[in-house]
Amino acid sequence: MTDINSPHTSIARHTASAVYVRERDLVEELIGKVSFTQMMILQLLGRMPTPAETAVLDAVLVTIMEHGHTPSSIVTRLIYDSAPEALQSAVAAGLLGVAGTFVGTMEGCAKLIDEILADPGGIEAGATAVATRIRAARQPLPGFGHPFHKPDDPRSPRLMAVAEAAGVPGRHIAALKALSAAVDKAWGRHLTINATGAIAAVLGEIGMPQGVMRGIAVISRAAGLVGHIYEEQRIPTARHIWDAVGEAVPYRAEGK
Amino acid sequence: MTDINSPHTSIARHTASAVYVRERDLVEELIGKVSFTQMMILQLLGRMPTPAETAVLDAVLVTIMEHGHTPSSIVTRLIYDSAPEALQSAVAAGLLGVAGTFVGTMEGCAKLIDEILADPGGIEAGATAVATRIRAARQPLPGFGHPFHKPDDPRSPRLMAVAEAAGVPGRHIAALKALSAAVDKAWGRHLTINATGAIAAVLGEIGMPQGVMRGIAVISRAAGLVGHIYEEQRIPTARHIWDAVGEAVPYRAEGK
Amino acid sequence: MTDINSPHTSIARHTASAVYVRERDLVEELIGKVSFTQMMILQLLGRMPTPAETAVLDAVLVTIMEHGHTPSSIVTRLIYDSAPEALQSAVAAGLLGVAGTFVGTMEGCAKLIDEILADPGGIEAGATAVATRIRAARQPLPGFGHPFHKPDDPRSPRLMAVAEAAGVPGRHIAALKALSAAVDKAWGRHLTINATGAIAAVLGEIGMPQGVMRGIAVISRAAGLVGHIYEEQRIPTARHIWDAVGEAVPYRAEGK
Amino acid sequence: MTDINSPHTSIARHTASAVYVRERDLVEELIGKVSFTQMMILQLLGRMPTPAETAVLDAVLVTIMEHGHTPSSIVTRLIYDSAPEALQSAVAAGLLGVAGTFVGTMEGCAKLIDEILADPGGIEAGATAVATRIRAARQPLPGFGHPFHKPDDPRSPRLMAVAEAAGVPGRHIAALKALSAAVDKAWGRHLTINATGAIAAVLGEIGMPQGVMRGIAVISRAAGLVGHIYEEQRIPTARHIWDAVGEAVPYRAEGK
């Protein structure tokens, strides 16, 4: 009798004439029949997605892919210039920046949403409790606020509208909206729900586990960074970046 | 007057109320309207893809995503176990293996196809010249042969069939097929066109620049690796891998 | 008047005929005159080290460099096999495992030592308070315990003896020893001070900031991993590792 | 009978009470007795170094560690700001730039030196042949030339002098000097031997295998990058770098 918990993988296997991913025949059932986004959900969750799940994941991946100059894209361009023979290094280096500072807020907001949904007093009571507690502790509020999209991050309402139009249950979105109302009250002014907050809600709607939400950002940004590499191949900027940093961060002897 | 070659980026910009990628309004024109795969082509090539381009890129991304245990997936699982607080590190480490040994053949085969297409004597003459030269030099033939998919890699005909059904011009595929015939003759036995060979041909069909073909593999594998992380979270294997390596690669004093 | 806090660097500068690191002439004052370990302290702390500081840092770097098969060394070997053209990728991938699981305990133990040293009641009172609190909370105790070095990790007393012989002040070591005594009492059995615990203490003795202690492990392990690459070049193991993982972690359809 | 080539490792092993690296007892024979640099040679070459080997490797590691702003140090600072919880990511990202563009020349120059040393006509004939061939082919000359250290890179004569004073055999240095004379003649003007050229020669003198020379640069730069992280913790520059790049590389719609 096999121990169901002994180390194993259930993702893929192959024979001389076939490859199976999640027990689907890659050649007969998947290539040419499912989109990359559908395949991604099959890979992750072990089952074919519903149209709503695909629509929401596509919307999220489209939203995160590109932001212009970011630490990640600058890093990718610099490493590409130093290692043009190893394109994968440039992407990997950039992805190392998809971390606490920028996408940690997605996971933080997802946790708040889960807390609100678990509140026995209901969503509004839960939202008020969360907002009040964070405000009192003067802690940062993950998923809210944006340095230049003011008063509102335009991506957030769009993401939630796409999810609602696709027919998701709507509980995570409702929790986030309740939190937003409670936050505005607790702070005494309007804080926008930013894109990472909205993404936490809509990924929650399609059952994306919180532990891999950051992975969705990593996949999407990988595509964005390949775009920066292709542009860098045609319009090199790395040496200009290097020069600009030399001017912006000059040398000064310690204590001088 | 602006120097058209001075350092700049044409990928994305934003205002307080909008984000533009390739001059498309992210919120109004892209989120909820295009798939991740379409967005990827817009990001890379600066224009919306045709349905054929999207179909081919989806087929390629679906093909590459997952191969069961690979060096990349093993690496990702080990690093995830060592750094569960930094999921992006586990993906980045695995992606560093998407390199010369495994995907370098894609680029190598793409170069051979370009050489055949540029032959003034036509595709068949070009294919014969390439096959004969490589055979005579006893060099490796990128895009051909497979360690366990024998006699044929099932993914290759499927990828080319999907591309043809989508209505691509077909010249790169014709060149690869001509090369395959010439190779079988020069080698005196059948060598399969493997998946990296077929991918080189179909990505050539949709105008994907050879310099970023490896990037397509990187994006697709990123998604595959996130799947391995999610499985590792539920069925930990890293410590078993560590033990298995200890047994498979024992210590032995130098020269003993 | 210059704002002393405006962005700048005080590490290095150069002219056409000279390079200066921390205001020392690299060619005249450093190359051939200081060891790598001394140079490292100059780079970090901005001043030449005392002999005691050099002795302690050397001892720490020597201790951490090599552990036989570890997740990091396995990762480095696998990535090297996949990307032999990019040796730096293999090292970087392995270093991504120098993270929370294995060296996070060094920083955790350093924090406990700082807490004990700051206790107004003195070292013994501080140690008892820390041990009691962690035991009561049933939390893990960073810097203590080892899976196979029992009853004692032999590296720890040696590291502390080297530091004491070098003439460090000894307060961090005293705090760790006091903690060890309090821990044995609180747990009712002996827990070894492990190498990361001893390193936290001796690096504290030489004023190494806690925020870069992990960096010391990263530097040392980089050297260890280059050794694994050189061995892999002569005695390839990567394909055997791949096979061994396939057997140790077999495929099984989900739920079967 | 054991197959001497079957997969194994000869680097390290441990028992409950001891760790052995290259069959030396880590605690009894190494910690507190050898420097990090000596340990590195033991790890790599499997034997204790001579004083000359240690002196040369120290000189090389000291030379490479720090260069002020470089793509690697900029990358490390940006990733550290994005992922302060994962210091190792910042170092790893920076190390991915220790690649073809900047240190590939070290390996390229080492190959030229080997070619000269293998010339049956002797060093001068070999040097002339190499210089003439590369000049005629208008190829880049690895190990020669420097963008701002003109007319001479001050590090190169110093490195060779340190090696000679340490008592190395001197053949690699002689070959490089012969190449330098032949190059000046073939080019009709003076090209400096740069630091990577001199390093190739002196590492050759101590028998460092060409296949891991890049690894020496990786180790040394790891230490340099940890220094940049510690400075970044006290004098943050990442956000200034981001702003500076935005100005240096502005957005411009494609073709505008």
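Annotations for the structure displayed:
Letters A, B, C and D name the chains as they come in the text, with residue numbers starting at 1 for each one.
One rule holds in what follows: contacts are C-beta pairs under 8 Å (C-beta built on N, C-alpha and C of every residue); 3 or more make two chains touch, one makes a residue touch a chain.
This one's a predicted model, so the numbers in the text were calculated from it and none came from an experiment.
Hopping across touching chains, the smallest step count from chain B to chain C is 1.
Any chain bridging chain A and chain D, meaning touching each of them, is among B, C; the list is complete. Counting C-beta pairs in contact across A-B and across B-D shows that the higher total falls to A-B.
Of all chains, the one whose Cα centroid sits at the greatest distance from that of chain A is D. The geometric centre of chain A is 23 Å away from that of chain B, both derived from CA atoms.
Per-chain CA centroids place chain B at a distance of 32 Å from chain D. Shared interface positions of chain A, i.e. residues touching 2 or more other chains, are given as 7-13, 68-69, 83, 85-86, 88-89, 92-93, 96-99, 237, 240, 248-249, 251.
Taken pairwise by the contact criterion, the protein chains are fully connected, each one touching every other.
If you check the complex, the residues on chain D that touch chain B are 2, 4, 7-13, 22-23, 46, 83, 85-86, 88-89, 92, 248-256. The touching residues of chain B, counted against chain C in their complex, run 68-72, 74-75, 78-79, 81-86, 89-90, 92-93, 96-102, 237-238, 240-249, 251.
Of all the residues in chain C, the ones that touch chain D in their complex are 5, 7-14, 16-19, 21, 26-27, 30-32, 34-37, 39-40, 43-44, 55, 57-59, 61-63, 65-69, 86-89, 91-93, 95-99, 148-150, 152, 154-155, 158-159, 161-162, 165, 209, 211-212, 214-216, 218-220, 222-224, 226-231, 233, 235-237, 240.
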